[in-house]
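Heads up, the next two complexes both have chain A, just with different partners, chain B and then chain C.
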Partner chain A sequence: MSLLHQPEHVDDDNVLVATLDSVKVLLQLLKAINFRECGIIFATEKGLKVTVEDSKSIQASAFISEDVFETYTLNAEEVVFKINLNVLKECLNSMSSSNYIALKISYKGYGDSLRLIMSQGSSITGCSIKTMEPEQMLDFHTGTLNIINKVMLRSEYLKEVFNELDPMAEYVEFILSPNTPYFRLSTHSIGGDCRVDIPKDCDMIESFQCTSLTAAKYKLSHIKPSCKPLSLSQKVSISTDERGLLCFQYMIRIENYNGYIEYYCTPIVDSYDD
Partner chain B sequence: MKCTIPGANMKVLARAVQSLARIGDELYVEPDANSMSFRSVNSSRSAYASFTFNRSFFAFYKHEPSQPINSSQEDSCKCKISMKSCLPVFRSPVMLDRKVENCKMRLEDDGCKLVFEMKFRMGIAKTHFLPVIECETLQVVYTKDDASNSLLAQVQLFSDTVQNFHSTQEEVTLSVTSQKTSLRSYTDGSINPSKRKSTEILLDPVEFDKYVVNNETAITFSLKEFRALLAFAEATGQSVEASFDSGGKPVVFAVKHENTYEASFVLSTLSPEIDSTPQRMREQNSNTPVVSSVGTGAKEPTIPPNMRQSTSVASRINLTPSNENRLEEHFPELRGGTPRGIERVSVRKGESPSLLSNIRSDKSGNTSSRHHPDQTRGEKRSRPLERTVNNQEGSAQEDIHNNTHASFQGNRLNSSCVLSNRMMASNAINQERTSKDLSSAQQDFNTPPLMMSNASSVSLQLRESDYEDDTVASSPQPVRKRPRLLDIFDSTFDPTNIPGHDIIIADDSGDEPS
Partner chain C sequence: MRFRAVMNDPSYMRKFTEILQVLSNLAKTSVLRVCPDKIFFVIMESQQPQAWWELDPEQFFSEFTMRGVSDVYNEFYLEFATVMLADTLITLKKNRAPQTVKIKLTDKGGPCLRFEMEMPVTSLVRTCSHDFPVGIIPRSQWSGIHEAEEHSYDVSIEMPYIREMHQWLECFKSLGQHCYLVANENGDFQAKLVHDLGTCVKQFTGLQVVHEDGDHRSHDLTRLYGVRVDRRKLVAFLALEHSFPPDRVLQCDISERKLVHLQLVRGDAVLHFFCRHVIEDVAVHHTLIEV
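Let's turn to the complex of A and B:
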């Protein structure tokens, strides 16, 4: 541990230095959003954010706020770089067990590699991962301004509902309404139709704020990646806006730390057919 | 039709559907006045399964034949749905058991959809609308009550027994006598049994809860469907009853739970005619390549292995009248004479005549050049037998006096001859009759003496047939002797009497299991 806390004269070059008590937090969050190979890391004074996007339709972000870190030093306004998440995962996993591994991240700025030092007991692993030019990511936050309907649930039972969505179906329809059906998921396929109704007085719903009926269809292949963060989470909040943008916000608790994952999904816009 | 299944019973229904899914691709739902049945049959119609749930299984059961859409439909409540549609409904029996409070099942008024409405503990409601393929019923004809044999045992007994078979084992044979029962793996003739592991488990009648055997018999049925039943019975912990008569008639496996539900699996069994021949014999014959070996011509220095094989076979021509007759019944086409190649070819029962004739033509393709062009069909037919028998004598002598391979081959031949001689000695009377038959009425000869050889000599033949690839094609055929020599030869020839029969001049160079 002392190695990680040495006062480093090289720290002056680093725009970002952070130490974490346990690698597990970062690792689990990364695994949950790793549906694409690469992701973009944003470091701000609030903490670290890792974002993964696919086909301009879905975007997942994992947040680790700066109070989760042991130490967190940011010497620049904003630090953004793209990195291969698979490689990052492998590095974080490289020590035999992921318990009690301390991690130090350091980054010197644009073009530099991301350096990791991990220590467990008396063994130390160092990694240096190349970074890439960050791509422009869609900003879905504007969607959160005009939320029409929002439901907060406990994740337990929703996990099974999502896992059992008909794999043969192409679309899944989300209906949120202040009246019955309050919250409905439905799928259609050649094997038949399936409908899941969750009433608003159901035990697992913590809060139900719906102003008007929204119904939108999403591709099942876009919803499926959200099952991973859902299975990790304790609570989830589902909200839609007038454009049908679906937003999942997951609260995840790992080893006494809270992490958050946000998941956006754009709807299918039907032109003429069903 | 409307009914409600309480949560506690959902697990049973789920397992029933999963079991049915292992049988066929379609699920027949047939509600009656007092019960509901779920049925399935496999594509080859050789396995049928039916689960019947009585009124007491349901929390609410209402059956009214809905208005027929057209007058030809008597009861449009019966329907058939795709297994693929309904499996997701019952995917996880354990989860269903824990989470489902009840499940309502109904057939939509228009008869197009079967609806399952499941209420979960949290207030969540899940509704499945399954499209109905058509309204048709499954009818099966079988009787269970007057079966001559009936065994009842805890499912554990059957499961433990069946566990010993490899998962790829397709069929098993259940043999029952009043003293014991055995379950052994069944291989059809196409696979070399000496290369395949086979398992046999013996069970004592005391292990069964009920053991009624009025007809000692053996039945062979498919293991896959039986395993599906056992999976259901294990989950619900019931005992399994097997009712059957004899091979060829279906076997019924039943699992009953008080008055609540009953499962019946009706599996077809192999007919005994197909099953009666010793496995190895049939298999060995089928391995035999069609190589020409009947012909006239000069003495042949090396005896092709297939010749030796045929001679050994031929020497075992000990037809008992009963066998002969039975085979004639099944192969009337043989009655007209021996197709030329038949002693080398598998004579599996049920083989079509066309197969035999194909083989015939193959052989003629090989040997036509060898034969006297004026040989008639009748002659040809009769000749193979005597020729092959005589070849034994000729070949034995040639073996001894000639070749590098000869002695070794001679040994093998001799050993097989020894065995066959023993057989022949014991069937002396038949022998004479046979030889007479040969000389006078060869047309009546039917080849299936193959069926008669004993297994050990067959295994020798197996090894000999390994040498088929050493045969030089279209090599000249051994001398054919006159039939008169047959009797003397057969009853007095003992290869061990010939000096030097056990001297190996040269070891065989090819690989072979010694």
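Let's turn to the complex of A and C:
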């Protein structure tokens, strides 16, 4: 029996069935966090969450709420699997050529492949993508309860600031404070020192809630993957906790839907600090 | 060996140049095979023909004379650099194209194809000549160039959705180097990628089946015949479809697990693509997908 063959009467076997009339939202959100080949997909009644993690230091999650889908049915409490995001992206891309499509996504449960099937005038397109055992991911949410500082700004401004950062530097330091310098990013490299100070009352800042000084260094290579969701978003909020865990939260609007990406980055622990 | 041809129709001059440009995208060298009733431009790959253009000289030329290497073998084969020739003939595409182009096989210290272009300049006529060096291919190497023509196939099907198939195939980089082309005598056709990471299929139904002798080849019309080919080569071939008029049709001839022959018909010229089956580690069973 073909991997893609799925007659109507066995729909009950699926733990997840959803239909979409446009892949744009799903595809763009996936592309924004695809800095590793594989990711974990969590399906809950609220929708899908796709998480990608690298070297236990950075983690990005894209949230696709169930209202993005035409129909969304979950026949289990929770569905989790690991999947090759490059393949998923290519499959979704291959189905995105026309404006209106009727794409059905289904999954039967542990061990089964994720199936995509689309019927469109002259042709039927089908994909069956193997799923894998999901790995344990770090749970950064415990950090959000102890947020010390939070700044919200328009993404285009933060993008400009990030573009100014010295690409030869290994680390970037983030300083957030209720007093001057308020919000500072600085880098040091053989090319020189670079510093960007953003006062709290400047135009680019939409809200500024800082309670005490936080200063932490992050590897520039860990911050770089955040540029993709930043480019896609309209607004971003930056928050830190007492451990220096950096959290970017991106508000994204695609085709009348609100999407959301979270990006966590752990600080460098400098053992030579005095 | 003798070859002389004259072109004075601007639309055919343009088509001729376009064909050469298309060939120059496929390979650096090409073989020109001249027969009494046909002309072929052949692209070789590992001593096997991969693609070839078949032209009717009566359509393209107002005058055409040739003589092959002997009376028995009344044809000849020349090897030439495709990009150089395509660049040389670019003037044929322009608005102020020549009114006449004469092509002649000559000897200028070595075999050459001479292109003489007569261009009108007010009341005067200016002649521009290009002597283009070619290599003569000895008869011992001929059989390797046209062996693909004689073969019987399990199924032949007409596939009009070339652009759709090309765009779909171009999307995949992670699912391996190969692609299956599958068809049956019921008018079903599939392009399929099979890999450890997953399987993807593009399926078309209700297509026209071509019968050579007016009859079905087998009694089971639903039996699927498949062949596994190099995906990148197939994509490069299908990319040529944009230089074809919208009513062009792709005929796909499949010989189960042996070879596939694709023919893209452009009215007065046929582009052929030929690919042998690439043996897989595990045999794949072909089935149709249902929504």
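We adopt the following convention: the second predicted complex is superposed on the first by the 254 of 274 C-alpha atoms of A that agree within 3 Å, B and C clash if a C-alpha of one lies under 4 Å from a C-alpha of the other, contacts with A are read in each partner's own complex, and residues count from 1 in each chain.
Here is the rule we go by: a contact is a pair of C-beta atoms (placed from the backbone, for glycine too) under 8 Å apart; a residue touches a chain by one contact, two chains touch by 3 or more.
Predicted, not measured: the structure shown is a model, and the values here were computed from it.
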Partner chain(s) touched by A:M204 [first = chain B, second = chain C, both, neither]: first
Larger contact residue set on chain A - chain B or chain C: C
Touched partner set for A:D166, first chain B, second chain C, both or neither: first
First (chain B), second (chain C), both or neither touched by A:S97: second
First, second, both or neither for A:Y157, with chain B first and chain C second: first
Contacts of A:N256 with chain B and chain C, given as first, second, both or neither: neither
Which of chain B and chain C A:C194 touches, first, second, both or neither: first
Which superposed partner A:S119 touches (first chain B, second chain C, both, neither): second
Intersection of the chain A residues that touch chain B with those that touch chain C: none
Complex contact set, residues of chain B against chain A: 82, 84-85, 88, 91, 95, 99, 113, 120, 122-131
Residues of chain C that touch chain A when the two form their complex: 161, 164, 167-168, 171-175, 196-205, 287-291
Contacting residues of chain A [partner chain C, same complex]: 1-7, 84, 86-87, 90-91, 93-94, 97, 104, 113, 117, 119, 122-130
List of chain A residues in touch with chain B within their complex: 157, 160-161, 164, 166, 168, 190-199, 201-204
